[in-house]
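For reference, the structures are reproduced in the following blocks.
In the two complexes that follow, chain A is the common piece, with chain B as its partner first and chain C second.
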Partner chain A sequence: MTGVTIENLRKEYGSIVATNDVSLDIADGELAVLVGPSGCGKTTTLRSIAGLETPTDGTIAFGDADVTNDPPQDRDISMVFQNLALYPHMTTFDNIAFPLQAENNASEAEIREAVESIARDLDCEDFLDQRVVELSGGQQQRVALARALVREPEVFLMDEPFSDLDELLKRKLRSEVVRLQHEREITMVHVTHDQEEAITMGDRLVVMNGGDVVQMGDPDTVFNEPAELFVAQFIGSPQINRFDCTLERTSGETTLRNGDLDFSLSDDLAASLDGAGGEEIALCVRPQHFSWAERAPENESDGNGSDGDGSNGELSVPVTVEVIEKIGTEDVVRCRGPNGSEVLAVVASGTLDEGAEGYLRAEGANAHLFDGYDEHAERLN
Partner chain B sequence: MAAADRTSAVSLLGKGFLLVYALFAAFPIYWTLNTALKPLGSINTFPPTLYPESLDLSSFTWVLMNSRAAGSIIDSLIIASGTTVLSVLLGSLAGYAFSRYGDAVGGEDVSFWLLSTRMFPPIAIVLPMFFVFGWFNLQDTHLGLIILYLTFNLPLTTWLMRDFFDKIPYSFEEAAYVDGYSPFAAFRKVVFPLVRPGLIATTMLAWVFAWNEFIFAFIIAGNDVAPYTTIIPTLVLSNQILWNRIMAMAVVVTIPPTLILIAFRRHIVEGMTLGVTEL
Partner chain C sequence: MSTIGENLPRAPAIKERLSNGRLIPYLLVGPTILVVFLVTIGPLLWSLWLSFTRWKPGSIAFQNPEFTGVENFVWLVTNERFIASVVNFAYYGGVGVLLQVALGTLLALALYNHVENRVLRVGLLTLFTVPMMYAPLVAGRIWQLLFLPGGGVVNGLLGTVGLTGVGWLNSRWLGLTSIMIADTWQWVGLPLLIVYGGRASLSESMYEAARVDGASRWMTFRRITFPQLRNLIVIAGLLRFMDAYKFFDKLFIMTGGGPGTATELPTYFAYLVGFQNFNIGQAAALTWVLGLGSVVTLFLFWRYMSTVQGGTN
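Here is the complex of A and B:
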């Protein structure tokens, strides 16, 4: 096993730029997840690591060895393809044994032993002699994983292999992959467009957009401190609430104005706005960070909270509950805000009814401020 | 009850229709055999007899023993097999290239041009071909007809093989590369087994075309090389038609394609329906 280092990877297909300038560093034994919307360059990056694409520019190294121009055969990798690429004319056993037969130096007995061992790990034993076309989707998935894991490659690559599976199976296989990855300390690069999958699986997320890496970090960091407005909106479910505000500073008090809605900021947050490039600030709050209040926060009746704490740093939005979506122990409530905008919150199940009026409140510490309204707007706090 | 009756009635009717159709389809074959086995004198009797009243094997003996007749069948075998081997080999390579690197080799336009050569009425180029083959001394040779049939078969085999290769996802090969297989090994272990039904169907079509071709054979062939299709018209004499020999020839030349069809029937059906196994 080894780490993977990519420097300034650029790949063009004619006039189309698939990856612009991708640099990333994956540690030995780490599970890195490339996540982003369709066309963000994540699959191109993965295929470049595999050697299935030749970069237009930039270098790829496994450990200290530069492999940029090596064909896939010469890189010690294995890969699970999006369509699995199981060979329909072979049995499960032959499919799993296939990578071991590339070089004719493994004996029949060794191959049998290796295949049976990985088949045990991935519950494929019962259908080793069946042709893969006779298997169910979940079974085929297991076979594809087994074929990739039957060797011990330096780098293990997965290109959205779970995207066609039903929810339950998806969760099960995800956790199995993570278990195997931890057990064997495999360096793994996983590609997905599913941010939830990325967060649950990854040691590290590499969030990509428009051919570039926009943020790299562990799931907590990416979730709690999104580096760009795009990351804040892409990661997290339900989607983060966004208020496009204009900045107003009056007599030592900093206010973000969103139509009829004012957010008075605590000194900490206000200070973070010093680096802002303009008046346009996007304020985002995750639905999970809102809590429900029947009455307006007290500081509004207090008048000026001129003590050091500003307006005690709390944000509140008057809303009317419109729709309640049950997701088990919690409800997602879709509310109508003062400017007709939709505001989402996650509350304990059954606490609210449709039509209820009240306030959604969040601590200032949970606010995310971005320098502008476009997706590249950088985080300020 | 009534529904069950109706179902069985419909199925009975269907079987009855199929039986009638089978008789209808088989009749010409039966009549060919019937005529081939009659002495020439009793062929034109009226009413015709449904079976040969006196069995006469002389026309079969002629087809198999006469050097011109038997030689023509051997010529046809050489030409059809030669052109089939070449057109399937070259067509597979070209089809693979079109399938995998289509844009790099002219893409859809070039492959359409290939197919469009099949739309051209062959009769229009018979005469020019006669002269061109004369310049190159290819008239009356096996090679001449092999090359000529290649011009008709190659577009067909290329087009068909491209379709068969298209059915095999490129990721199958990529997966093999990643697992350490060279492009050639990946082709041999993964692509070839999957394309085999299509390859067999394509081979069959190319062979049958060359085996049955008449117009070009008639123009290009001569005394040394004469495919069987050019022998049959010579059996129509000025004062009589040697129906028994024509029919015996027809029976004999139907045997090779029939045997091939029976041997590979499963693959051919798979290939014709373009259902290259279950991918």
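Here is the complex of A and C:
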């Protein structure tokens, strides 16, 4: 096992730039998840680590060894491909045994033992002698994982291997992979466009967008302190609420105005706006951080019900509940806010009915402020 | 008149059958069946009958077919010239087909894997397939001239590097080999195209997986490429083998079966017996033996195919 260091990776296909300038450092035994929307360069980065792509520029090192120009077979990696890439003419056993036979330093009995052991871990025992084309999608998925996990490679790579599975199987395999990863302390790089999967699996998230890394950090940090507006909107489900505001400073008071809605900021938040580049500030609040109130905060509202208000840095938005989506013990409520905007909140199941009117309130500490409306707008607080 | 039959339905008259449409399918298919019988099945059965007769049109003694039992077949299996021609065929068909298919496969994979430039690759593919469009006699003539002992290009080239030329077409095994080379030149494009198409249909990510798994080139070929192309290679081989079975033209133009009868193949021998000596009975017996041989070959092939059914993707 070893860490992976990528410096200034750039990959162009003709005039298309797949990765612009990617640098990242994955520690030995860490599970890093590259996450981002389609075309963000995450798969290109992964394939470059595998050696399946030759970088246009930049270096890749495993530990201290520069492997930038090594072919895949010299890198000691295993990989699960998005389309699985099983050997269709072989049995499950032969598929899983293939990497060991390629290594050519284990006896037949040792290979059999290793294959059977990983097959037990991933529930592949029952169809070891069946040809993989005869298997169901979920079974093939497990064979692909087993083939990759049967060896102990330096680095383990996964390219969206769970994307075609049903929810239940997806969760099961995810936790199985994480268990094996922790147990064996494998350095693992996992690529997905599914932010939920990224948060559940990763020790560390590498959020990518437009060929660049936009944020790197543990899931909590990325969730609670998104570095850019893009990250705030991409990570988290349901999606974060965003209010595009203009900054107004009057005598000692700092207000963010979004149409008819005013947010008075606490001193802390107001201070964070000192670094803002302009008047345009995007204020975001996660649906999970809103709570329901029948009436506006008591203190010094100007009586106008359409005004959001919050001294002490509390944010309040007057809304009407339109749709309630049940997600188990909680409900996602879709509300209509002032200016016709949609506001989402997550509340305990059954607390609200459609058509209810009231206020969504959040503590100022849970507000995320970004310097502009652009997706690259940086976090201010 | 008995009353027994009275309640039985009588067979409908032809007019009635026509009008209710039951005869129409037979009328429609009838002419085709008749033609097929006249041009295929009829002559086939007639030739089977002829193989048990002595018939030499143009001679005085056997103007008409005369039944002689298995005499022709006894003549055939004791005929050294025929047996020699079968041995020649075993060499020509066996080694020649293997050579063509192996070379075609090798070229196809080399073109696919190692010629990156698309224009060059298509150009080479075309170059290898163009000879298939030559008339076999023309191709045979070209190679006969190339192989001429004196003044031929091949011996000329050998001379420039200080080697003494040989009589390429002047002995049994070398003669057959020379014909084999000419035929390979013309037909290597067929297995090449088939295998190339098969290779192009295999998933690239499977090969990426093999690289990641650390497989060497040889292991990749042996465990991944070959098993998945095996059926196509066998089909290419069968097509070439069927052609070898009826092989005639290049032999006719390049050696004429010579020197003497040394390079004769069974079909060529049959041609001589039938159309040079006009010994129709013997020729019929000979071609029936060859025909049964091809049926056995096809049977073995189908049995192989059914054992590996679904053997490709």
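Side notes on the structure shown:
In this section, the second predicted complex is superposed on the first by the 369 of 381 C-alpha atoms of A that agree within 3 Å, B and C clash if a C-alpha of one lies under 4 Å from a C-alpha of the other, contacts with A are read in each partner's own complex, and residues count from 1 in each chain.
Keep this in mind: a contact is a pair of C-beta atoms (placed from the backbone, for glycine too) under 8 Å apart; a residue touches a chain by one contact, two chains touch by 3 or more.
All values reported here derive from a predicted model rather than from experimental measurement.
For the composite obtained by overlaying on chain A, chain B and chain C cannot both be accommodated without a clash.
Looking at the shared chain after the overlay, A:P99 reaches both chain B and chain C.
Of the two partner chains, chain B and chain C are each touched by A:F81.
Residue contacts after overlaying the shared chain place A:H89 against chain B and chain C alike. In the superposition on chain A, contact is made by A:V133 with both chain B and chain C. When the two complexes are overlaid on their common chain A, residue A:I327 makes contact with neither chain B nor chain C. Of the two partner chains placed around the shared chain by superposition, chain B and chain C are both touched by A:P71. After superposition on chain A, the stretch of chain C whose C-alpha atoms clash with chain B is 134-142, while the remaining options among 134-142, 152-160 or 170-178 stay clear. Residues 50-52, 71-73, 77-79, 81, 83, 85, 87-89, 98-99, 102-103, 133, 147 of chain A lie at the contact with chain B in one complex and at the contact with chain C in the other. Interface of chain A with chain B (complex): residues 50-52, 71-73, 77-79, 81-83, 85, 87-89, 98-99, 102-103, 133, 147, 151. In the complex of the two chains, the chain A residues touching chain C come out as 50-52, 71-73, 76-79, 81, 83, 85-90, 98-99, 101-103, 133, 147, 157. Residues 169, 171-172, 174-182, 185, 189-190, 193-194, 277-279 of chain B touch chain A in their complex. Of all residues in chain C, those touching chain A in their complex are 203, 205-206, 208-216, 219, 223-224, 227-228, 311-313.
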